[in-house]
Amino acid sequence: MTTNALHSFALGLATTDSAENIIEVYYPKPMLNPAPELVAGIAAAVGYKGGNQCVKLTEKQLEQIEADAANPFDQSVTAAIRSSGRRVVATFLATDSVPSSVGEVYLKLHLLSHRLCRPHAVNLQGAFGVLRNIAWTNEGAIVVEELAARQLQARAEGRTLDVMSVDKFPKMCNYVVPNGIRIADTARVRLGAYVGEGTTVMHEGFINFNAGTEGTAMIEGRISAGVVIGTGSDLGGGCSTMGTLSGGGTAIISVGKDCLIGANAGIGIALGDRCVVEAGLYVTGGTKVSLLDNEGELVELIKARELSGKSDLLFRRNSQTGAVECKSNKTRIALNEDLHSHN
Amino acid sequence: MTTNALHSFALGLATTDSAENIIEVYYPKPMLNPAPELVAGIAAAVGYKGGNQCVKLTEKQLEQIEADAANPFDQSVTAAIRSSGRRVVATFLATDSVPSSVGEVYLKLHLLSHRLCRPHAVNLQGAFGVLRNIAWTNEGAIVVEELAARQLQARAEGRTLDVMSVDKFPKMCNYVVPNGIRIADTARVRLGAYVGEGTTVMHEGFINFNAGTEGTAMIEGRISAGVVIGTGSDLGGGCSTMGTLSGGGTAIISVGKDCLIGANAGIGIALGDRCVVEAGLYVTGGTKVSLLDNEGELVELIKARELSGKSDLLFRRNSQTGAVECKSNKTRIALNEDLHSHN
Amino acid sequence: MTTNALHSFALGLATTDSAENIIEVYYPKPMLNPAPELVAGIAAAVGYKGGNQCVKLTEKQLEQIEADAANPFDQSVTAAIRSSGRRVVATFLATDSVPSSVGEVYLKLHLLSHRLCRPHAVNLQGAFGVLRNIAWTNEGAIVVEELAARQLQARAEGRTLDVMSVDKFPKMCNYVVPNGIRIADTARVRLGAYVGEGTTVMHEGFINFNAGTEGTAMIEGRISAGVVIGTGSDLGGGCSTMGTLSGGGTAIISVGKDCLIGANAGIGIALGDRCVVEAGLYVTGGTKVSLLDNEGELVELIKARELSGKSDLLFRRNSQTGAVECKSNKTRIALNEDLHSHN
């Protein structure tokens, strides 16, 4: 069986450009490590012989898949897809190697946002180069090269063609809204974000792809690509976590459980559990920090990156001396129950 | 007359989930303390006997209301609603008690955004628990539990189902745009915001429910739930006002008249009139502040919360000593006339 | 020839209010300094006699323009416009004087966003007073005075009238997306922005009208009206550039080439080339700065505005003394190639 050890599989509906190149794919039920018997019927129908492939299905192949009474694949999906009259694709990933097609990248982004893979668990190397630059509109995805003509046509025909985003990555919520979350402004969470159950992303929050939250969290700040936030943590309004894609350094940032990063604050280091960064304070790796003992006496002057990942720390800027200080955090952070119990 | 002393009343158009539960209501003309004669005809038609109720109207009741020539209720509203073939509700609030239904919460949010009630003037206790988590889409409100099926169906039928927000609160401007305002990105102002005449909310501005501005204001920062900004004040880009729902303390923040909070600054204390917080400075209640006299001499070292609500103060961080200082503000803040005279 | 020396010209499709006043215009191919022969045929057809005019075209004039085989104006535009059955306008600007009509302001905003004029190169004085306050919806532009009735009607008819913005300026991308850019959330870039080829505007980025970037740039912060960012520069998440419209001073801010403004930082002064402002630091004109030599010794204590526009500077706040310091910047800033090579 060539489908014995598949990394992942999904049936999807694709959008193409005018030259029939696939530019985005919606996979309603992506599967990680699917049971071979789930995929065997479809693999046979399309003649899948192994490797990583995104196969366009013919009308006949779709009929064969649907007619296969023994095919245990979700019938609600195949029926809807079958009837769509749209470009249907089957994407088989034998291994988690560097993605080479739009269909592959989209499957991996779906795996993340469906919470089937945690951030960093799939290989997305080179994804920027594989993805096309798309105008995301109320009439669907349009490659930027074809947009101007479509805009003129829509206007001439009296329609409003609303261009919501011009980006390689779409917004997650048009593909999947995992259970138990709220996202006040969906434009700010990319497909490929991992949004843990119990997470609220407020209007000022942001989550990039391959980043996210592990569980209950209040996100009013920005989670850069690659950053993961632990359960029970609170990112205050407009706070920043430094990413590695642009401007930041090479260290991958994470935030542990039950942390609070204050409004307009920021971190260029990882935080352990139960840490607090005072509102308005930006701690980069190179920030020199006065480490204080419980009596407030100076223990040591060290660079913040030496404290990276440590727990129970409180970072603040002394409002009289201007010195950035770090002491043991004894304040327990608890998220507002009322806000979080009704997702 | 049971409608003698109504707190509020409105006719509305409701969206329901597939089980016919009301999930949101649009009230085109909500009324605070309506004159009894305005409501009497409708109350009679639906058999209202008192208390707080959100009543679904039958076809026959609607006919009766419209046929009642003596009914002084706005005929443009009743006619449009009557012809809609949609779920119509009449919501009667005898008292401003804790809301127990979606229709009640929505009426109170409407009262705020129609400027019939100021923030804190209606009881919204427990609103989070009453409201459903909704996907706000270009095809209307959909409860999150029903979204995935709708997304698959829309895609299969070739439509773009755009999920703009997944939240308990919708955006205000899809319900009402009160006169004399601009809101550059409506996704950032929730229904239940009180946006004063003459207010401009720029792209980076944000206003939560039960919060807002009293009049002319330039809002490029975030107004958290419960916070009210006085006339003539300017919230700089990305500035923060600490709320009480999450992360902040228990003190309710307000900002007086003619204040300026600089870009990327923030406050965890209330400001009186004509105060300035320098760009980039976050003043929390616990910030120790050097209070200076007119000659710049230190008068006293105090916690910022002792200055909460006081007028004519300028907060800055001394750029040489790093100390947070407060002195009397002699600079008059005037909003740009050109920007504000054409709302 | 009255069209000898035209400043600019365009054919457009206009939206009107219910009184037939033009409230916005879409110009698919605006022209700066058009060759007289390009415009002569249209000028003759509409009887243009000179000056700055926005002329509504009659059916007969449109026929005449299209029938004119010698007319070298872009036929794809005239054909689409001709067939639209919508309000067509021809806007002739003989000179770049103060705009007096909506059609004129929109032509100038288009010239900027089509990169035909750099920021500050066209006269937009008084534009706020000329433009109407518009609800930008999925059913097109609606003047705010007519919105409430349209909302009631749409709801009654079962449609979702989505109000995306209430503003005088629309978002750029619904008019033009110049080549080689990405804008993750188009709600945050106004028509009239000049977005250089190679620019990525992330979700937290913002560009006002009459402002922009000269070329490759990563914009995760806010570019205020009038501000121009040089090639190769990086504006970190949530950073602020102080504008002159509101709150800021009167100095026009610019940023040179290869600069980095850190996340949540801000500037109230101009930067030359290869400057860095540390994350979280706001430098205003009045900030007192310790100018350091290469050995870190204090050279001079000066106001930041005296350093305005100078190159190779690094601004930081000493994390132990709280003093704002400036020293020579020896770190080369290079944008992430992978992110920028695929626009």
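As written, the chains take the letters A, B and C, and residue 1 is the first residue of each chain.
In this section, a residue touches a chain if its C-beta (ideal position, glycine included) is under 8 Å from a C-beta of that chain, and two chains touch if they have at least 3 such contacts.
Only a predicted model underlies this, so the values are computations on that prediction, with no experimental measurement involved.
J.: When chain B touches chain C, do the two copies use mostly the same residue numbers, with over half shared, or different ones?
T.: On the two sides of the chain C and chain B interface, the residue numbers are mostly different, under half being shared.
J.: Rounded to a multiple of 5, how large is the rotation, in degrees, that superposes the C-alpha trace of chain A on chain C?
T.: It is a rotation of 120 degrees, to the nearest 5.
J.: Report, in whole Å, the distance between the mean C-alpha point of chain B and the mean C-alpha point of chain C.
T.: About 30 Å, centre to centre.
J.: Return the residues of chain A touching two or more other chains; collapse runs of consecutive numbers into ranges.
T.: Residue numbers touching two or more other chains: 138, 164, 187, 238, 264, 280-281, 317-318, 321-323.
J.: If we count contacts the way the header does, which residues on chain A are in touch with chain C in the complex?
T.: 126, 128-129, 131, 133, 135, 138, 144, 147-149, 151-153, 155-158, 160-169, 187-188, 206, 222, 224, 238-240, 242, 245-247, 264-266, 268, 280-282, 284, 287-290, 301, 317-318, 321-324
J.: Quick one: which bits of chain C touch chain A in the complex? Just the residue numbers, please.
T.: Checking each residue of chain C against chain A gives 13, 26, 28, 76-77, 80-81, 83-86, 137-140, 164, 171, 173-177, 179, 181-187, 203-204, 218, 220, 234, 236-238, 260, 262-264, 278-281, 317-323, 335-336, 338-339, 341-343.
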